[in-house]
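Chain lettering (A, B, C, D and E) follows the sequence in which the chains are written, and residue indices restart at 1 in each chain.
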Amino acid sequence: MNTQTVSASAARAYKSDVKPVWCPGCGDFTVLSAITKAFAELGLPPEQVAVVSGIGCSSRIPAYLNTYGFHGVHGRATALATGLKLARPDLTVVVASGDGDGFSIGGNHFLHACRRNVDLTYIVMDNRVYGMTKGQPSPTTEPDWDNALTPGGTGLRAFNPLVIALASGANFIARGFSGDPVGTARLIVEAIETPGFSFVEVLSPCVTFRPDQRDWRNAVRPAPVQPTGDIGAAARRLMTDDGFNLGVLYVGSRTPYQTHRTAAPVSPSEIEQQFAV
Amino acid sequence: MSEDSAEFGNVSIALTGSGGAGVITAGAMLLDAAARAGCYGMFVRSSGPQIRGGEAAALIRLSMQPVEAQDDVFHLLVGLDWHNIERFAVELPLAANSLVIADPANGPPPEVIIETGARIVEVPLKDMAKAVPNGRPNMVALGLIAGLTGLPEETLQAALAKVLEGKGEKALQASLAAALAGLATSAGLEFDRRLPAATGHEKSRWQISGNQAAGLGAIRGGVRFVAAYPITPATEILEWLAAGLAKVGGALVQAEDELASINMIIGASYGGTPALTATSGPGLALMTESIGLAVASEVPIVVIDVMRGGPSTGIPTKSEQSDLNIALFGLHGDAPHIVVAPASIGDCVFTANWAVHLAESLQVPALVLSDQFLGQSRAIIDQPADLAFATQRLTVETVGDGYRRYALAAGGVSPMAIPGTPGGQYTAEGLEHTPRGMPSSQVTDHVAQLDKRRDKILGFDYGDHWAQITEDVDSDLAIITWGSTAGPVREALNRLRAGGRTFRLIVPRLLAPASPQRMAAALRGVKRALVIEQSHSAQFFHYLRGYFDLPCPADSYHRPGPLPFRPGELVEQIANWSAA
Amino acid sequence: MTENPGIASVADLLAHAHAMESEAHERYLDLAEQLELHRNVEVATLFRKLAQIEQLHVRKILDRVGALELPHLSPWEYRWLDDEAPEAASIGEAHYMMTPHHALSLALRAEQRALDFYSSVLEGGGNSSVQELARELAVEEREHVELVKTWLAKYPEPGADWAEDPDPPVYQE
Amino acid sequence: MSEDSAEFGNVSIALTGSGGAGVITAGAMLLDAAARAGCYGMFVRSSGPQIRGGEAAALIRLSMQPVEAQDDVFHLLVGLDWHNIERFAVELPLAANSLVIADPANGPPPEVIIETGARIVEVPLKDMAKAVPNGRPNMVALGLIAGLTGLPEETLQAALAKVLEGKGEKALQASLAAALAGLATSAGLEFDRRLPAATGHEKSRWQISGNQAAGLGAIRGGVRFVAAYPITPATEILEWLAAGLAKVGGALVQAEDELASINMIIGASYGGTPALTATSGPGLALMTESIGLAVASEVPIVVIDVMRGGPSTGIPTKSEQSDLNIALFGLHGDAPHIVVAPASIGDCVFTANWAVHLAESLQVPALVLSDQFLGQSRAIIDQPADLAFATQRLTVETVGDGYRRYALAAGGVSPMAIPGTPGGQYTAEGLEHTPRGMPSSQVTDHVAQLDKRRDKILGFDYGDHWAQITEDVDSDLAIITWGSTAGPVREALNRLRAGGRTFRLIVPRLLAPASPQRMAAALRGVKRALVIEQSHSAQFFHYLRGYFDLPCPADSYHRPGPLPFRPGELVEQIANWSAA
Amino acid sequence: MNTQTVSASAARAYKSDVKPVWCPGCGDFTVLSAITKAFAELGLPPEQVAVVSGIGCSSRIPAYLNTYGFHGVHGRATALATGLKLARPDLTVVVASGDGDGFSIGGNHFLHACRRNVDLTYIVMDNRVYGMTKGQPSPTTEPDWDNALTPGGTGLRAFNPLVIALASGANFIARGFSGDPVGTARLIVEAIETPGFSFVEVLSPCVTFRPDQRDWRNAVRPAPVQPTGDIGAAARRLMTDDGFNLGVLYVGSRTPYQTHRTAAPVSPSEIEQQFAV
């Protein structure tokens, strides 16, 4: 068998045999396959990868992968992943979330994960809605989107996660679109390869509660400019971005955070000496 | 009825002062000197609400016997000044035969002191300090106390040298001179609580606080990752561990909040590293959702709650045993987990170590309930034995096809694949799940997993560690207590025994799972039991009633903090109860 | 998203063809599984059938590959006309209540894109053996297009209310 | 031993189907038609894990008596298709005399159906639907069921008209034609569970879910501010309140998380507006720290927990009574608060209303424990009475100097100054405090405030509302249960009474504070008691043991979710227990 | 009596008779008096003002004021204040926090309070340390500040709260310094007067755990440029700001969020009709 065949089925080998409960048409299917493509491309042994998530449709993703996984509680995935990566720097740790999980209940950990800059890749499937709980607005939802919990819309300006990521110190910032699986796979590869905290927002339509998002296909475009490492320029650009520019938008050069490990650990009985009378 | 404890060769000293007077440092030196002199002892700090420079009291008890409680009265009170002493009045009980050293420079002692009837002797501490170049009144007081209590001069010198190490020879000499001035003065004072000279001891001794002890127990147990958010009175565990872990090859991370810290340790432990966090009531409340995740996903973690006065922000600097309920029942759903409590400062080493062992062996969260009294008091104790539990997390090395993380293994503990293990890939799951870990809402899966999670902790052999059953094990009157209350209770029972009355003392270390059979066995032959605890709503008493089959009528003596239990109070309560 | 695929060698074209057919195969399988889970048996069966057909294509391509060494291409190195492998039915257009008409329309668009791809290789000129192969593949692909068209003819477009689900969605987690 | 319930004039129907087959809508229409026909009834939904288009079952019970439980078996099962019916099999018990309607277009019914021995009759539902322009099989099934159960045609028409209002005349006609085709077919089928014609009723009736009922109770109680974060199965309370509050002049805010929502309502209530949040177990766990703040700062709030299967994320779509522990004991420190539980769907109106009344009157958090079964089931009930509690928060109008927010008033409730009141300025405080609200760690203040907070809720007159004590109040055998389990227990006891056996039934609505005296009075003369609940660890049973002085031996029957209790199961358990 | 005296004692009238437990020299004393000056200047009746705080030295401030106050739990002050203001739009609601309370445990509420843009004034006394718990690093602490909990320093880049405020939607952003009480009072006046969510960071030295901060006096300077309403420009400026520019740095024009209140409320019994059979 030749290389090509290996690579195609290689991606599939990262899928588990569990069937996703997602609605047919959901953008998350494509994100799932983009992730497997990225893992295959990087040739990661599945047992060396852990995918950590919170709660939401999007957060169901770990079970659909053949890697190690953790389906945690709502909003805490980045914190759990931080502990895992710090304790096990040898693993490739990917965090997967939704816009509610990541930016609403999980907002604080998002801020601090960016700031801490641990070598994680954080993929947020943004559908601007709480899919799992039946269609309530999330922080990224448009202010006038009508729904049962906030009839007539929230009236709140949508949250711009990329700016927050930049402002709080993420080292790699990109936006993908589930309608562009190849581009998304590529972003994920780059995110994993870039040391430190990498944030990839993937626009991933919720066909059930946001059927209007099927039109995103026509709204997205490759970002008109190259990725920048200039934080001031990136700030200005992202602050006025309309949310549909795809690609890598910022790559920094901060050193990832790691807990220092002593080269010559001593035994507990040695440190007990300090208590001796 | 508060029986005197002079016969045990022990003395209680309070040193008060404020605004940088240095009473806490002097207290630490006194304890150190006493340790060198072969005494046991305990050092409790108490301060006002100011962050710095507020009024403070160093409360020290020295004895030829191990010390686990504050005494009923202070035999010696040295006031560097009397600012705001009213605030401490209830914490500083004095008897008519107590000696109060007052500095005439501060004017007459306040009414609260005078009305105790204690003997007041004036010593010009400030003037004596001024007479020594760079001398400080606290050092004069220290020397005075050492002299009165009979601590040899060389122990004082050594203690000063240790604490002032790095401050330079000049500072040391100044302090020493001041202390010696105090020591000299003591000769002229009458005081009947002089400690006997120690005869030397076989076991080596430690000077340690409960918070340090808990940290050490954790490291002994194998903890190598800690994530936490500072909170009084748990912060010292973390600060000690920050340095300690660095030495043994582990690490501590300061998290953004308690929600993060609990999840970080779950992540680290999932990755195979035994992990711990420490907090107090408010932080524990924030962690319960995720502790439930650790229960459901079967990830071992240890959470130490150093309890303080509640509810809400409560009284952060004072002790109380009122987080028992939240520790036992604070998780939503049916979420079996381990709750253990150390019964003394020294026992913090063992209990924290054991908690790690239990968590790892059972793949379950273990909560350790310490409290401010245990945590922040410093004691001289016999060096705790290192039990070296054969802590083993059941893991898989090689995995065939179809690894089932939550397999219904006999005993309930199913082997865990640590990331990196080829073929062991699975998803840890907080939803109810199948043995493979796939989400399931089927009744068979739910019941099977609920049973599994319960049975593994019910079926475990906790051995004799589950409780300390001591004193008069044949008595048909039993006292049941837990945690830091055990110390004063034990002392009270010793006094009562001296008066000819005997009691069986049961101090469970293992609070959850409830072990009614073990308790029933421990109570065999008991006619009546008294449950003693420091909580306003008698949480422990109600828990025993609800979950244990007490074979005898039980009564409750409980009250909240912030005042510590003193043996005399308990002698009175127990005597009245047993007479009833 | 290049205009000109710029396929330079037979191996290169076969690499593309193979990737395209395998993706198509896997995509139909995915869709079949999704609709099975959503109890849309009719469409699921159809997708399985399409998957089978694509699997045959994969085999055919492999036969052509024979001992030839194919280049390794990263997913984004393929020179498709569009975002992804052309023959893979767009997963975002699936719907749990979709009818065979929708499924076949989806398939038709995919097959047409595949045909467009081969045609663009043809139009792109270059190497004659590449041209030869592209022509052959285009012919086969055209057959598929026609086949799907005949199937589709049997399933007229359903009414505008085809996606109407009287039941509300379900709250979870 | 499961006794038949035919004599009560009632029938249970299951309609299954998937992928947009419309069984849920048909179920809603059936309930509506039955309501119009003068029946009582209950409608339970069950679905697979898919968000949309998965397999679903509409479970409907109709009766001439009020209905509070699912019956032991389904008398009629109509399968629009059989996809994944195995998933529902345990939820769909069938008896040999049950009637199963199968559409031959789906092939033979699956083994799980056949092996029940139920009578299977083929009806070509799909073909019949096809015969009607735009007809749908679910409407054919609806007509068929209506016909078999004896619902008059005009009620069916009215129900269709109501639900399809706004879908246009054409859609209505198509549905109606399909339904009538089904109705016509029913005539040829044998079915012995036809409901008698209703004779008209005096009380007006409502069709309502427990979640709506709880929302309404809150509004009746005066709640005008709600902040919340969506979570299953509580979200419908919030969605209903979002619209409802807007009408009555209040507002709902979607918060960023539960930590925010609980604090938002504390803020709103501090400002004088009765405020509420609703959540489920995981959210409640996140709120406990701040509920403790409301306890300490004495700010009234109401928190509704619609319980689901636990622990952790658990089984979000299924019912369980396993958050009792966290509701009672989940706060750190000694933090007395109110916990109440509605005993039926209709009682959700009363209990939520009462909770607001208690919270406001006592300036304390009140937790309401509803569950998924009560919350998401829809029932036809007698219109609940509006008790119009004289809810009054004790406030101050004019304040002289030295306002003491936490004054030690008799009864413990001290008047609260609402911001805007001149002279009433104070700081609400979560630290332990003086009567003025200044932070204090003094023992006198701590004990005084702990007593105050306990006494105000212990001393309140809860009247007869504390429990429903019904059935055979003179029996010397008592059943104690709570919440949604009360419904099936009541029905079981009715059946047993029909068999000549009598039981006293005690369903406490007021779970905390524990009211041992009231319980003792309710149990006067009882020889033995059985405690029934839906929890794996018998939380309620242990709570009763721990905090109540049961004057009689008590036994426990408990099991977890996700399966609901059915009367037959309980008849058997109770009969065995009483025979023992 | 001249006006001057009136205004001086007017400010004093906003102080309660409770004596602060702060360390002498602590910056928070000046913030307290700047707040009273601002209230006096605005002539706010004390009973119409509520000051809400979390836990920390700085959060002790409500008790020292003669207004209504709420000393809540750690990190939740903005949420509590949001509920209060939404339920009681007639009150002036000020939130006071420290850098730990506001940006560490309270980070998520900070994000969402900015985004929600309720008419609140949020004053954070930033001393780059946890004062109350004896000197641990906060998000704004310099990476190399040595301390017992993270010996040698956190190694983490300091958090820039002003950028986060801007990125998440605050309508008014300013920085003050406790060494400049008059300037700080003025910022607070403007913050209260500006509708929507106003964020004022006040550099407020912790003399006990950060004695080095006594040098801040020499580091601060008035911001060299005028306040801007251009969000892109503000982003660029704040992203590269060194943390010592004082003054109003951004003023937007977003409409504050208020919950809609119907003009003609109906009685509960009217809405019950929907349940009638």
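Worth pointing out:
One rule holds in what follows: a residue touches a chain if its C-beta (ideal position, glycine included) is under 8 Å from a C-beta of that chain, and two chains touch if they have at least 3 such contacts.
Because the structure is predicted, anything quoted here is derived from the model rather than measured.
The chains that touch chain B as well as chain D are A, E.
Steps from chain A to chain D, minimised over paths through touching chains, total 1.
Ranking every chain by how far its Cα centroid lies from the centroid of chain A, the top place goes to B.
Chains B-D form the pair with the most C-beta pairs in contact.
Chain centres computed from CA atoms place B at the largest separation from chain C.
Chain C and chain E have Cα centroids lying 58 Å from one another.
Centre-to-centre spacing of chain B and chain E amounts to 38 Å, using the average Cα coordinate of each chain.
Between the Cα centres of chain B and chain C there is a gap of 68 Å.
In this assembly, the C-alpha centroid of chain C lies 50 Å from the C-alpha centroid of chain D.
Shown for chain E are the residues that touch two or more other chains, namely 55, 71, 73, 75, 104-105, 107-108, 111-112, 139, 260. With touch defined as above, residues shared between interfaces to two or more other chains in chain C number as follows: 37-38, 96, 168-173.
Counting only residues that touch two or more partner chains, chain B has 49, 246, 252, 256-257, 259, 282, 289, 292-293, 297, 312-313, 430-431, 439.
Working note: touching chain pairs come out as A-B, A-C, A-D, A-E, B-D, B-E, C-D, D-E.
Those residues of chain E that touch chain A in the complex are listed here as 104-108, 111-112, 115-117, 139, 152, 155-157, 159-160, 163-164, 166-169, 231-233, 235-236, 238-240, 254, 257, 260. Contact residues on chain D toward chain A in their complex (touch as defined above): 49-54, 229-232, 235, 238-239, 242-243, 246, 252, 254, 256-258, 282, 312-313. Listing the residues of chain D that touch chain E in their complex gives 35-36, 204-208, 212, 216, 219-220, 224-225, 227, 244, 246-249, 251-253, 255-257, 259-261, 263-273, 275, 289-290, 292-293, 297, 380, 383, 386, 417, 419-431, 437-439.
In the complex of the two chains, the chain D residues touching chain C come out as 18-26, 47-56, 81, 83-84, 134, 136, 138, 232-233, 235-236, 313, 316-317. Residue ranges on chain C touching chain D, taken from their complex, read 37-41, 96-97, 159, 164-173.
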